[in-house]
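You will see chain A twice below: alongside chain B first, and alongside chain C after that.
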Partner chain A sequence: MAAKNKTPVEAASAESMARRQRDISVSEFFLKNRHLLGFDNPRKALLTTVKEAVDNALDACEEADIIPEIAVEIRQVGEERFRVEITDNGPGIVRAQIPRIFAKLLYGSKFHRLRMSRGQQGIGISAAGMYGQLTTGTATCILSKVKSARQAHHIEVQIDTRKNTPTVLKDVEIDWHPTFPGLASEKNSQPEPLMSAHGTSVAIEMEAAYVRGRLSVDEYLRQCVIANPHLQLHYRIVLKSPAPAEAGTPSGETPASNATPTPPPTAWVSFARMTRTPPPPPLEIKPHPHGVELGMLMQMLKDTESRSLRSMLSQDFSRVSSAVALAICTQAGLDPKANPTRIANRDSEALFKAINDTKLMRPPTDVLSPIGEELLMAGLQKEIRADFCTAFSRPPTVYRGNPFQIEAGLAYSKPGENEELAADDPVRLLRFANRVPLLYQTGACAISKSIIGVNWKNYGLAQPRGALPLGPMIIVVHIASVWVPFTSESKEAIAHYPEIIREITAALQECGRRLSVFLSRRRRQAEMDRKRNYIELYIPHLAIGLKDILDLSSKEEQSVVTRLRGLLERTHLET
Partner chain B sequence: MASPKKSAPPPADAPRRIVTKEEASEQIREVGHKIFTDIIRKNRKPEMKFPIRSLANVKYNPKKGYFEILGKQSTRTLTYNTVKSFAQSMRLLATTKKDLLDKNDIAGKREVYYNSKSWGECRFDEQPESDTLLDDIEGMLGINREQLGYIPEERGGDVTGPLTVIDRNPTSGEVVKINCAKLGSGAWSIPSRVEHLQFESKAKFILVIETASLFQRLVHHRYYEKADCILISMSGVPTRACRRFIRRLADDRRLPVLVFTDGDPYGYCNIYRTLKVGSGQAAHINSFFCVPQAQYLGVTPDDIKTYHLEDATHPLEEVDIKRAKDALKNDPFIRHHKPWQDALNKMLALGVRIEQQAFAKHGLNYVLDTYLPDKLKRRDFLP
Partner chain C sequence: MAAKNKTPVEAASAESMARRQRDISVSEFFLKNRHLLGFDNPRKALLTTVKEAVDNALDACEEADIIPEIAVEIRQVGEERFRVEITDNGPGIVRAQIPRIFAKLLYGSKFHRLRMSRGQQGIGISAAGMYGQLTTGTATCILSKVKSARQAHHIEVQIDTRKNTPTVLKDVEIDWHPTFPGLASEKNSQPEPLMSAHGTSVAIEMEAAYVRGRLSVDEYLRQCVIANPHLQLHYRIVLKSPAPAEAGTPSGETPASNATPTPPPTAWVSFARMTRTPPPPPLEIKPHPHGVELGMLMQMLKDTESRSLRSMLSQDFSRVSSAVALAICTQAGLDPKANPTRIANRDSEALFKAINDTKLMRPPTDVLSPIGEELLMAGLQKEIRADFCTAFSRPPTVYRGNPFQIEAGLAYSKPGENEELAADDPVRLLRFANRVPLLYQTGACAISKSIIGVNWKNYGLAQPRGALPLGPMIIVVHIASVWVPFTSESKEAIAHYPEIIREITAALQECGRRLSVFLSRRRRQAEMDRKRNYIELYIPHLAIGLKDILDLSSKEEQSVVTRLRGLLERTHLET
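Here is the complex of A and B:
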């Protein structure tokens, strides 16, 4: 060993090592690994904060069957300091839960349930608050009013990063109603603000940067409206100085550097909802045995309220009847009446194997709430002026015991109408998971992989090898699932499950087929126009020649032109 | 096979069809009228018929002595694909009628090409386009383009010897007599239009020579006096005017025509064959431009051995071999004449070609002192 002739450091003993071994709080862990949560840089931090708050608001409204209305305000308070405030008309939060929801990591209602929702782990909004606290020393400020209460709670919390517990700095009751800018209409150009009887507002001050472009808050909110047609959204950003343009952004999107920059909107920008019908509320299901891993199975056996193995299997899982539970027990050679906790310790492996050897019904798939073909198309058409637009929903299916459903759509731009969509650029891609737009990590996502895997040349688009197809087009893909498999906690890319890729591919192929019908019809039309122009170009000359040879009158010359046009167009243009 | 309809223009091999400008003009009017009727009265797509101009549509007629065009016609119906050339044909016919025939004017092929530049989108982009269309019109009307008022650009060829050409002053009509024996060291140039010429001559035959340098040698040593012949230089493949001139002169004075070219497939199959029986490309007018009485003097493959010229030859090139093989397979004239097949096969076997100047090996004037007299005495000409 090379270290032989070095003075050896005093070897650590088990006792000395034990002195250094202690708890790591989750808050501390994420403080050091904040990139996992989407706070790796100031620009992304701003987006992630907005995203987490909007996701929560939408989830809450959906669960409470409220048609959501959300206002997002970003106010620059210092050179690199922004205050983000998101207000919703959701059900509100009861006083007791507020500190933990906003200042305790891994606290939430969604992690333990299998139900289609935007949030999953209960990290997002607390992490945003923690990030703000870390970078500016300020507290997260929450206003919340539930319908039954007369007054709203005004609470300011910080997170104790050691213990992962909330520290309440301020806790008062005030008169407050969530208020939203009204929608300007033809009749009413100065609308009254809307006030809601319930709702929540979160404000976080943080170090951040605002840059316009494909990865901006603006883009996120625009896409959010597409995926949530029932959402009415208001947005404004108040900057101290004009925002710098993102390098490489098409000039159509940002003002030229020397021209007087258009200041970002200080007035509210409102996105009116496209429908008042909220999506059907997603249903909660129990886990399917085939989607459960050994460790989780052990945990479920320990946590169950059932007294026997057989009843635990049939109670805690979906698609396991009492008879099937018995069959599993027999297969595993276990006593159906055995105590589940004991099984967890000793025989869980045999049980796990038996479960996977048993044929089971697939989990119920009618628990998801897709956007729907029509609304997906309406959203796309709101985004670009399209010549052709289509959407297709696959029937729900299952990966690893989790039901999921794929929807895909595409919109082909009118030529020359959408400057940022050039014919020889890659298509623009909108990715959604449970109605949440995904902006980062495009390359790592199963959606991108599936699009690249489809042979778009079959459908009339150019496609470089191993890349997105080219064309003035937007492709949208939505995956709805009770548990969307992300590649990381920051929820930016879908993991590459073969079942998911297969479904996305099938949906895209259907859209592609429809596109090719449209494109070939359009090509035929263009070919016809070209032929017509060509014919139009030479017929008059033919008539001039005849006129010169036969001394025709202008009237006769004209009738030659008319007649020939009819003759040629009849055979060559009507196919 | 389409046989020409009654209303169609007379076949191109009608004997020596000389038309007046009024007749040509009227014929164009008829073409236009038929098209106009198709469009307006019959409400159908007009069409034009052209004889196909290629070796595949000619037959060697040994009695008449030239490539005779067969009945194959291509019909150009007005469609999307033909609308441009159809329009160009109409405009070209109109120009021919209005600007040339009716105004008694003339134009060169290149002038026609430039004239089309005033037609806007209908213009010819390159001259070969207008040349081809002009050939089509010539075939369709069955009138050679010289009679339509088009003058060739190329020089016709040179003439020296005991011949007096009777021409006319183009403006005054006054008779001009040219004595081709009294031109000193020079020669008389054949004009582009030769129909009006008349001849006086006591020569015994016409000797047609491929290269200008050998022609100059024969002129310099006044070979035409010694052999009592008319010398004509072609400078490569003979022009229409040159072919027509030789034909008219030979017919008029009843003179035999002997042809002396390089001994290679080009000299045999392109120069000599075209002079004698015409070409596939101009099949529709071969009856005008052929010299059936022509015979081939040399240089033949046999001459190489007879005159000890083995070391004055060149190996056949790829293109020569291809040309020879192609002629053996496809040229109706070669296929008709066994002696020509033998000559080409012999050349292929020897693998060499020989130039007219090769006789200089035996002395500069060997060709006129020995070779020509010898050949004329032996009279072993190829057909």
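Here is the complex of A and C:
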């Protein structure tokens, strides 16, 4: 038996080793390493799937200039088996693209351009489908209708993981209909029905687990609404048995946030949009010359459609005018009319040096679409009842040639109003990247690192060494960028670029200063109230004493009391 | 100008969006996300490159049953530019495989089998070459000779990142010669020359930085020798200017460990092997049925070479005899003679359930190649002068169907002997996975988590809450597995599987218990010494007093002193 289960030991030769070498498809790779994509465990798998589908829906609506409306339905179909269906009113997907978008890793429209978007890798939704396929053997079901078509396409597709290619199992045209027939009749539903003339619905069945709490789909969707105030969201989850609460949260207790529905919504729940104004559409930019490395420059020289070096420089980069291009050529000692491909092979190093020796305008930064201070504060105030709320957007800036912008905000709770925010607990943290909530890997994220790095004692909060500040408060930080540097493919934490940490810190410090003004005013107010109470309490007794001693009339007594009160209040309250 | 740099805003349609969809090659993906592969910054890039090349060399020698000898040369060729060359005495690589092994991501022999090895992804060395190409535009140079050939192949290759395919720039046959001609004449060199009848040398030029300290190539190589006691290693680094020390370590200070050469070795330095006995060769196994998910089972049924379900089960899995296979078929209500492909499409769920309802032997665990307690201790004692040293190997066990084994050890410093190990600093930590040292991402690693989780106060060490214990000590942990679950492609930290954390904890606790015996014995000894000193100090004075009082002779005085000393020592030392 042992001999059959183990390959016998035999020294290999170069020839026998060569015969074992083979291609590894990217699907096989991520199937075996699926924790890299956010499919570590059944609970996280559920969240990641919803997240990838909602991200795609929002991106598609944004690109097509449609105000998004999305329905998320989670239905438990077995003990550890769930069906997740996400429907949007987006532009739809043309038939030919559906199989590859949903069943091929590393396929998409966002990777090759510099433009702020939620997706950027071309992995997410196909990975979710692949996980469903691995754990349940089922296919991803897509229903999509584009505006110009009469009918919708209903397609079922799996990944051939050996080849990383889609296998279409079903492909029919059917009427486009809302997949949530009960939606319109629910009392919670909004006047505007989800049904639109176009859209996409994707359904995946998978091994999963639903657990309420900080890392749940509920929390993700709630934060999603904060970061996307123009989003109309419908959500329901149909369970076979009551959902367990997070470890440490006894079942039946108040949920982690007052906005979490308890129990989870088995009927449709709608989050109404806060604004009908869509965010300014993000713009696509070309790479900045100072963010490009030598090898990349060589590749660009080979790939360009320009015939001359000078036009290549001014066409393929941002911030290089024709005059600047000429100056770079001169500096490098190269002929501006030279063929870029020839330069790639022979003189790219001289060109590279000349580019980096040339002073250039910084990359354009007005290409991002921040949430905005006002909507960020509105979102926070939806989360908690706050006594104080502020938000601050930094001006856009640049890391490694990529424009990015930081927004931060904080909301300080009314005393006793938000049970889950205790004065001696760490503050709650909301992290967003390109409007996507980040729930996992808080410790590894540049946002957490920046918050910990700020000295919150300066602003009136307690803060243990090397830890988050304490207080009944929520901090929110949003990074918007044409390319967000994540620490892993599962896009859960921001990498520690010094420029990014510096910007987050500056934004937090501004919010902290405003908080400290509020907190010291509140402390003074509390002190004043305490003193006024003393005065109110003792003055009548004082008056009675004086009346006896000085033998005052009631009228005189009243006058003394009034004057005393005025005197004492003035004295005390001015200190 | 703005209009040229930014794409104008225009609502996209499904059709216009479809035109933007395209393939993303895995090379492009990792080029843009190169921090995922360990190429975040120039310092780490240098380490990662050395690591990938040395890992490959060791794996190849192991597989071909060759006692490894490896030379690592790092040469600074520009301010931020280094040439890294690693030469081994391995079996060599046949010509046809060289381009793909060194210039194609996701290509290799280790991904598709379950066998303990250092490499497992088929990414590392090609990624290093791609990074060199990106930052310097140069090609990877390979020189390789197999035993059966008369000459070596000299090949220069780059990656076409658009297609993830190799582009061969040079391909000639030349004489095989040691690439380190100075090696044999150096006084440090070992009697056995690196020159052998076969081997491989790879050279990559890249943007990099050399900084001494805990995250340096020096440290990596030193730890490599500990985990691979059969390795003969030669190392030199030729710098243009003195290497900066790590931040916080003033230049010129004693290096982080007493084995670090200071300054870095510009002449060849050799680490002699501690044993000529190679480790027992790891064995390849088949997957265990209980570690396989439904989707994977379906794939295996489609891919099998067996004609019947019964033979597929017994041939393609470990721990499934023909009788057990029959029992599974019966349990599932399936014909043992059925065609596996047909089962895949129709009855895989019944089969999956039957497999998981069947009790099976655990996976074979004697397929791993641990370092061994003795060699682990020898390695530790090479690192520091220790008063106490212990190591403990747990029996092999299983996570998710994969056999793995934990070894742990610790060495407690002689007082005052190891300057860099202070009594009130956290202990030093050496982490190994399949004999590869892990230097980065300590905080994210299951090994650190386990060490922090052990209550070291029980064993006589101070330990701040949620932190490493304090003390002049080194802890070493090695995980050996047919598939090590890393938290990222750069393979720097072990994922937090509960089974793995449990095993590491158990191994550490055993070492801790042994340490506590040593520490309490040492404390008792110190106490005894202190008391003996008191006695020695006061007895003569006591004797003089008694002599006066009792009018003793010198001889009587001497006898009293002796008896008193005996009495007092007995009394005190027994308490």
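Following the convention adopted for this analysis, the second predicted complex is superposed on the first by the 471 of 575 C-alpha atoms of A that agree within 3 Å, B and C clash if a C-alpha of one lies under 4 Å from a C-alpha of the other, contacts with A are read in each partner's own complex, and residues count from 1 in each chain.
Following the convention adopted for this analysis, a residue touches a chain if its C-beta (ideal position, glycine included) is under 8 Å from a C-beta of that chain, and two chains touch if they have at least 3 such contacts.
Because the structure is a prediction, the values reported are computed rather than measured.
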{"item": "Which of chain B and chain C A:43 touches, first, second, both or neither", "value": "neither"}
{"item": "Chain B versus chain C as contact partner of A:63, first or second or both or neither", "value": "second"}
{"item": "Which superposed partner A:24 touches (first chain B, second chain C, both, neither)", "value": "second"}
{"item": "Which superposed partner A:489 touches (first chain B, second chain C, both, neither)", "value": "second"}
{"item": "Partner chain(s) touched by A:75 [first = chain B, second = chain C, both, neither]", "value": "neither"}
{"item": "Touching partner for A:565 - first (chain B), second (chain C), both, neither", "value": "neither"}
{"item": "Which of chain B and chain C A:502 touches, first, second, both or neither", "value": "neither"}
{"item": "Chain A: partner with more touched residues, chain B or chain C", "value": "C"}
{"item": "Chain B and chain C contact sites that coincide on chain A, given as residue numbers", "value": "none"}
{"item": "Footprint of chain B on chain A - complex, ascending", "value": "531, 534-535, 537-539, 541-542, 544-550, 552, 556, 559-560, 563-564, 567-568, 571-572"}
{"item": "Residues of chain B defined as touching chain A within the complex", "value": "28-29, 31-33, 35-36, 39-40, 43-45, 78-80, 83-84, 86-95, 97-98, 119-122"}
{"item": "Of chain C, residues touching chain A in the complex", "value": "1-2, 4-7, 9, 11-15, 17-18, 20-26, 28-29, 32-33, 35-36, 40, 60, 63-65, 91-94, 96-97, 100-101, 106-109, 111-113, 115, 121-122, 133-137, 146-148, 161, 198, 207, 281, 283-286, 293-296, 298-299, 314-315, 318-319, 321, 348-349, 364, 367, 443-444, 483, 485, 487-489, 495"}
